[in-house]
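By written order: A, B and C. Residues from 1 in each chain.
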Amino acid sequence: MKIVSWFLAAVITLSLAFSVSANPKRIGYIVNYGTHEWYQNVIFGLQSRADELGIELEVMDANLDINKQTQQAEDFMTKGVDVLMMTPVNEEGVVPILRKAKADGTPVVLEGNPAKGMTTLFAICDYDAGFKAGDAVGRILVSRGESEARVMDVGLPLLSATVLRSLGFMEALAQHVNAVKVHELDGSGMIDSSVEVASAALAADSNINVIYGINDGSALGGLQAWRAAGLPEDDLVVAGTGSEGLAFLNEMTKEGTPYLVEAAMFPEGVGYTGMNLAVDLFNGVDVPEHKVTPTLALTVHNFAKYYDFDKAGQKRAINFENVANIPTETKCTKYASDL
Amino acid sequence: MNYIQKYLARGEVALGIIFLIVFVFFSFASEYFFTLRNIMNVSGQLSIILIASIGFAVLLIAGEVDISIGSLLAFVAIPLIQVMNFTESVTLGIIVCLLFGAMIGLVNGFLTVYLGISSLIVTLGMLFILRGAVYLYTGQRPISDELYSDFFFYIGNGKFMGVLPYAAIIAIIILVTFIYIMNNTSYGRKLYAIGGNAEVARLAGYNIKLIKLSAFVICSVLSSISAILLASRIGSANHVAGDLFEFQVVAAVVLGGVSLVGGIGTLTGAALGVLILAVISNGLGMLNVESQWQMVVNGIIIILAVGFDEIKRRKN
Amino acid sequence: MSKFFQKNETILFLILLLLLVFLSFYNPQFYSIQNINSILRSSSTVMIVAFGMTILLTSGEVDLSVGALLSFVTVIVMDVINISGSLFLGFFSVFIFCFLIGLINGLVRTVLNVNSLIGTLAMMLILQGSVYIYSMAAIYNTHLIPAFTFIGQGFVYNVPMPVIIMLVILPIFVFLLNYTRYGRYFTAIGSNPFSSNLSGINNNRYKLIGFIITSLLVGIAGIILASLMDTGQQGSAKGFELIVIAAVLLGGTSFKGGSGTILGTILGILILKVIDNGIILMSIPQEFQLVVPGVILILAVYFDTLRKEKNG
């Protein structure tokens, strides 16, 4: 017994003496909606970095159940993870969890949206991502000699993040052309609901030349509704958001597709950055309140720099290095609190 | 011998044995499961569903059903948080919240009992109406608890002596009270009689309408108490709260042997149903089982348990 | 004449007419071919499944797993066609899968005697979970077979393909339910299971058939949805089961079994879909898409109850 404690003391002294910061051993991540492609890729990024650092990553899926998420946070604290990472089902809903974690002494890293009482957050800038897509679409319209953008916005008012994307998209578009939002829709972020609501909207007024989707499902749903209505695709520009999975790559690489722009958010890169942040927080390194992860407007011309796309095998591989080199905002232009 | 056989044939005993098997299994399978902290956490976690399940079971026994409770969970949290933020009084917030819950129960009950519309239809309609109303009123933004009072935080998150969650204490008090009511009062017997055979109950001179109405109110008010605990745990009135909650409650209560036909089942059974599903969910989480497998396991358990119960009932 | 007005279908028809008149005054675009096609297309998948649900509810049973199955079907059909390059194999595997699910749902009800509300709720959980065990990622159309795209997105003489598929299935069910003894059996089972059993009808066999028919219809609807989305998407068709059931109930089918008509179901669906469409056309907040159907459902069933009380 005595030997053991001596040994322990020696180890602690040594590690202090060399100020080798020991990495956390176990990290728990509660994802809000783990079956969604975006989050599968975030988890892939987290896991990639955890493997490199020799950290054990455990993932629980709240599956959009806010009550379940609070239970899972308690469960992770019971398991005694070194750092708790979570993407809130709803940012207000995690305030009591943060309070409990503080009492428990468990450091917490959030992904997505800021919440009261949090320490640090890693996330893309939603407004800026939408802005970059709007900017790219605006340039395409100008190059086509058009002076007006008539937009169908397949949105998701449920989340402030997605509202910010739509806002950024429209404001950037307005810098190039006269931008009019003809339809403002709630596609629930799902392709099937998006097809449905977009069909009805296009029936009411199909004088549209831009479809914007707050994620890939919404953009593709809008495009599918356009196709199902038998409308011509020559003058249309479609922009999606997220680079969630394979959907935009499949569509964008089709011959003659109107799907020209993707506001890429590189979920694998988000996860990779998040894992680094968690390690820093654990080691007591000074962490920013909001660690912004890169976003960029991707087109068929530049995506290969960031994604190695295997169309036949339906796989994509991210180039972590090139994504990490994308210049990133230190602070978002607009936050949910600005809405 | 005969006595033992009779005892074993009771649904609660079988459920109790299932519970024990599940509990022992997870205790061996995971080092984190059988710890005081985890057991206490689970007891707090399951109280939200347990309290609503008690009300739901009472209503089922009376021969009616309420599938609007998930939407109700989101709906009544709004007056709770709004009144708390406005008056800075947690007590007032809770009172107003319970009043709103009672009102919804009255409306559901009135439409069913006095206008004769099937309760499944009424509450299916109410499920849409309440959820839509929440979306409209909140603009799909959460209303946060600005008061930030310790008292409100502790209702759903605190532990008595740092061990036993207050939520669990509330749930146990409610459970014991209603078990007593159902078994030992004439009101309880009337609920069973009405759900079991309304015609006989009518001939016996019971005021069927009033008693059924009261069961609706009990269900809604108990669900509102669940709503208060949930609001405390998520620090807000949240438009996403309680989504699919009704399915979880139905599954637990029916697993506990309460029949959808009415007049059959006990609150002890319903509580065991809640307990079993909660322990499985927690245990699988402790073992790092993916949530999609948890759904499959839950589905199979419900079919097997209810099927087994039915087969046994037919034999008897 | 008075008998005509006492029919549930008449009232539903009047409600629908009122909605149509109101919306056309509000927005002339409402009567554009495009809009009518949009309403009919989005109604057709609901209708196809609702035909089966009408039979089930008439026989006193319900299937809550249709939404989860629908989304599973989109994944299977897309995946199998991608791998095999054959539409036939894709459809064949969908119908085999749906047949099995319907069979299990039916056996759980008839052999294990589990209330179908619970049994199919459990099946919903199982399907929702296992679709992700089958594949975590959405399945995209890499086969690019034009005929597949045509099913959901094509037109024949300005009529959308899904509507044509629905119209082909419709007469079969009208005939089956109204003009054959099988149809009358379903009603008999639902309205009085004991006497139908005594009169020699095998209740369980008919219930089993009802579950299988419903699942197979979900298979057809799922193929249409997959084509329309051009994707096999897990988690799609959220809340589909509630819309189908609400529409069937609105159409006058009783939850306690024993009554129900296909015409009522069709009217019920059209009313709900016209409301959905009108809310978007009038740019009313989409949240009303939840509230309005809820109110209408309660009102419609209330009037139905009133009328039945008056008549007997």
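In this section, contacts are C-beta pairs under 8 Å (C-beta built on N, C-alpha and C of every residue); 3 or more make two chains touch, one makes a residue touch a chain.
All values reported here derive from a predicted model rather than from experimental measurement.
Looking at the partners of chain B and chain C together, the chains they share are A. Ranked by separation of Cα centres from chain B, the top chain is A. Spacing of chain B relative to chain C, judged by their CA centroids, is 30 angstrom. Our note on geometry: chain A versus chain C, Cα centroid distance of 35 Å, whole angstroms. Listed for chain C are residues 132, each touching two or more other chains. Of all residues in chain B, those that touch two or more other chains are 140, 291-292. In chain A, 35 are the positions where the chain touches two or more neighbouring chains simultaneously.
Chain A contributes residues 35-37, 40, 185-186, 188, 190-193, 195-197, 199-206, 217, 220-221, 224, 227-230, 245-247, 250, 311-312, 314 to its touches with chain C in the complex. Every residue of chain B that touches chain A in the complex is listed here, in rising order: 32, 35, 37-38, 41, 44-45, 48, 139-145, 153, 156-157, 230, 232-236, 238-245, 281-282, 285-286, 288, 290-292. On chain A, the positions that touch chain B within their shared complex are 34-35, 58, 60-61, 63-67, 70-72, 74-75, 78-79, 89-96, 99-100, 116, 157-158, 160.
Looking at the complex, you find that chain B touches chain C at residues 111, 115-118, 120-122, 124-129, 131-133, 135-136, 140, 247, 250-251, 254, 259-260, 291-296, 298-300, 302-303, 306-307, 310-311, 314. Interface residues of chain C facing chain B in the complex, by the touch rule stated above, are 108, 112-115, 117-119, 121-126, 128-130, 132-133, 242, 245-246, 249, 254-256, 285, 287-295, 297-298, 301-302, 305, 309.
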